[in-house]
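Letters A, B and C name the chains as they come in the text, with residue numbers starting at 1 for each one.
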Amino acid sequence: MRHPQLNKNGELQHLLSIEGLPRDLLLHILDTAAGFVGVSDREVKKVPLLRGKSVFNLFFENSTRTRTTFEIAATRLSADVINLNINVSSANKGESLLDTIDNLAAMHADMFVVRHAQSGAPFLIARHVDAMHGPHVHVINAGDGRHAHPTQALLDAYTIRHYKRDFANLSVAIVGDILHSRVARSDIHALTTLGVAEVRVIGPRTLIPSGLTEMGVRVFHDMAQGLRGVDVIIMLRLQSERMRGALLPSAQEYFKNYGLNADKLALAQPDAIVMHPGPMNRGVEIDSPVADGGQSVILPQVTFGIAVRMAVMSILGSHPTP
Amino acid sequence: MRHPQLNKNGELQHLLSIEGLPRDLLLHILDTAAGFVGVSDREVKKVPLLRGKSVFNLFFENSTRTRTTFEIAATRLSADVINLNINVSSANKGESLLDTIDNLAAMHADMFVVRHAQSGAPFLIARHVDAMHGPHVHVINAGDGRHAHPTQALLDAYTIRHYKRDFANLSVAIVGDILHSRVARSDIHALTTLGVAEVRVIGPRTLIPSGLTEMGVRVFHDMAQGLRGVDVIIMLRLQSERMRGALLPSAQEYFKNYGLNADKLALAQPDAIVMHPGPMNRGVEIDSPVADGGQSVILPQVTFGIAVRMAVMSILGSHPTP
Amino acid sequence: MRHPQLNKNGELQHLLSIEGLPRDLLLHILDTAAGFVGVSDREVKKVPLLRGKSVFNLFFENSTRTRTTFEIAATRLSADVINLNINVSSANKGESLLDTIDNLAAMHADMFVVRHAQSGAPFLIARHVDAMHGPHVHVINAGDGRHAHPTQALLDAYTIRHYKRDFANLSVAIVGDILHSRVARSDIHALTTLGVAEVRVIGPRTLIPSGLTEMGVRVFHDMAQGLRGVDVIIMLRLQSERMRGALLPSAQEYFKNYGLNADKLALAQPDAIVMHPGPMNRGVEIDSPVADGGQSVILPQVTFGIAVRMAVMSILGSHPTP
């Protein structure tokens, strides 16, 4: 069976998940992104690669921040962007997800950027589009349930390569609520595919899924042990519903055990970088002096995220047109 | 008295209703639309006809789908589009409808696309604009109350002509809640003006208005009788408030009597086409195998809808500028 | 200490408040705006001054009207505009204001247009941007709490100069709820800086702040006395919460005492102009015959407001780029 993300030439047809993408393709995206980093620095921040293309931001789950990054990326490629916040729209009128997709495809959409609370929704859409509308329509997963967030993983990989040059020999720790995190899942797939020597996860027993050891990931419940000697620390956002839920005693207790402060950071390599997908809960999973400190690369992640999304969109948009 | 939609040269000044528009003008819009169907198929889906014009989507009633079709049409004509969802805005602050229009006109709006729950609101706006702001400002009715939805009727006419070539000799059935449907009203005016031989409506007594026979329309309450031998079937969306209301026993009962399934479709001409303005209630007014079947032209309607809206906007925009 | 709105060359770096801006700079903005009034009259209403720049409309307080004026101004300068309605976004997720700003700056924002219910928020943002992101990022205050609304004051000044040619020798009355009005505060600063001979405020004792006399403003509680002989009348919007609050007896009573009708208008100079920042409460602070009458310049204010905002944005955008 052909992989649902690749066309018959092995090119990227949709970006749905990091899982299953070959190393060369990930590197091709990162290399393409490197060429776009400069575009946002220019006086005129635009290239005409997607001029006259229609990109639809389909956000079934509200996320202004992620929507904005895709809107900016598409706009800087000169695409026409239509934002659809679907919870306030035809979903109310009882139209099915796939009927909505069919309608937008009939308007000659070129690309769907999909955020959905249900894991697998972008796959369902991509399979449907392939069957019904042909190879000129592309789907990008902008985060689905607890499943995947591939552009976040790509921008994390880009950031790591930018600061550490090479993936081999690195030790990377992902800290926090691994269980509910699509970022953690996609990061683990990206880092292992790209050849990172050691991927660690750190978190309380209630927030670590089973099966990670089989993926070659080392699991730590003690943060001091887990951080010792690492080159990269990826802090995860603690969702507020977890703080109030049964899985955790309190935000204060969480910060004490798993929040990154200067003392804990000192256990990592002296040149270790600190990352966070945002938005941050300062004082919960990360202390402000660390978030704003010299080892933090949290804002460069955002900058690189635009370039990575431009890269993904331009690669998809270079494929067959109607 | 001059017709409120036409200027003194008989050109389209506003598109408010199909009622009262001459046959030649309808055909001119359809012919213009034919030239735009290809634009959305191009690699660069844009023409510069409305470059630098300001189009305001004024949606006093929420409809993401219709708003999107106008936004895409305007964008592909290179206009600048501003979306205003007025229920969350100055309407809250108690400003009157016409004060809002005056303000936007003072910002040099070129075109207003108006959706409003009140029948007649776009007429009121057009009359006010004519009196206060002059002939360079145009109004398009994107659906007003139970009254009219002229661009839907034009795209329906376009679709019928595309598949049936000629309007004469056709028998067209409109099925469902005729009473509350602005689509049905506008379709009846378009089809009779364009010379369709026979227009039928089919629905329960509670959902058929009086006076249709005088308009030359044949009324059926039995769907099997009504569908016999027709060339075109236009199914209407059943509003969910009807299903729960006193006018209908239940959605199941409605589907049994007036839902289009394969058996009922077999009563029409073998090459009959099935249309629906969307969004569909699958299993209520239409069965999924019919909606997705070989006689359905529901998605082509959407595609033609973009071209028809581009045609209307480009015709309006070709008139005098300030 | 350097003024936070000006760079070291005395150029406008941010537009935060009229207070503290030199007269020459105000006149430079008005002169620049005069050049833009014609752009909105053209067939193609666009100039390429901000092409490829990213302008973010950050509205922490809902105002479709003001947001629209900035969106149109930026679009006519060919900028890319991103609208963020922050009350429905990451503010919900508990991200701090400055983290939001940092993220958008990391996406290479060029300009932030900020509306906020808290007085001082745009200053806070500008100071942060100066410290963290450098001189190529600009902030425009689109209204903050009760504090300032500088673009409104500039368009008011533009309108007065347009109709009265010169600021000297004029008597200008501002009428209504001065206490809660950022428009009144900014207007007073603009008019006194521009050399208006006499600035009066008129309103009930409960809605006039102390300290105005020290600013050279004459305070009147009797409207007939206050209007006598003035050249310009600026009516303020009465917020609906005031009408229901303890500060005023009723809307009817307010209209009787401080609403502008034809009789009261007759007390001013025969060629006096009537202004209002909108949206109007007809029948509360202003009578419809006056709002729509020959002395009203309320709609020209809106037109000039686009040109003034284009002027401010183009002046800011002409400064150093990354």
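Miscellaneous remarks
By our rule, a contact is a pair of C-beta atoms (placed from the backbone, for glycine too) under 8 Å apart; a residue touches a chain by one contact, two chains touch by 3 or more.
For clarity, every value in this text was computed on a predicted model and none was experimentally measured.
Residues touching across the chain B and chain C pair largely diverge in numbering: under half of the numbers involved belong to both copies. Rotation angle relating chain A to chain C: 120°, from a CA superposition, given to the nearest 5.
As a whole-number value, the distance joining the C-alpha centres of chain B and chain C reads 41 Å. Among the residues of chain B, none is found touching two or more other chains. The touching residues of chain B, counted against chain A in their complex, run 40-46, 62-65, 68-69, 71-72, 75-76, 240, 278-282, 299-300, 302-303, 305-306. Chain A meets chain B in the complex at residues 51-54, 80, 82, 84-86, 88-90, 93-96, 99-100, 102-108, 321-322.
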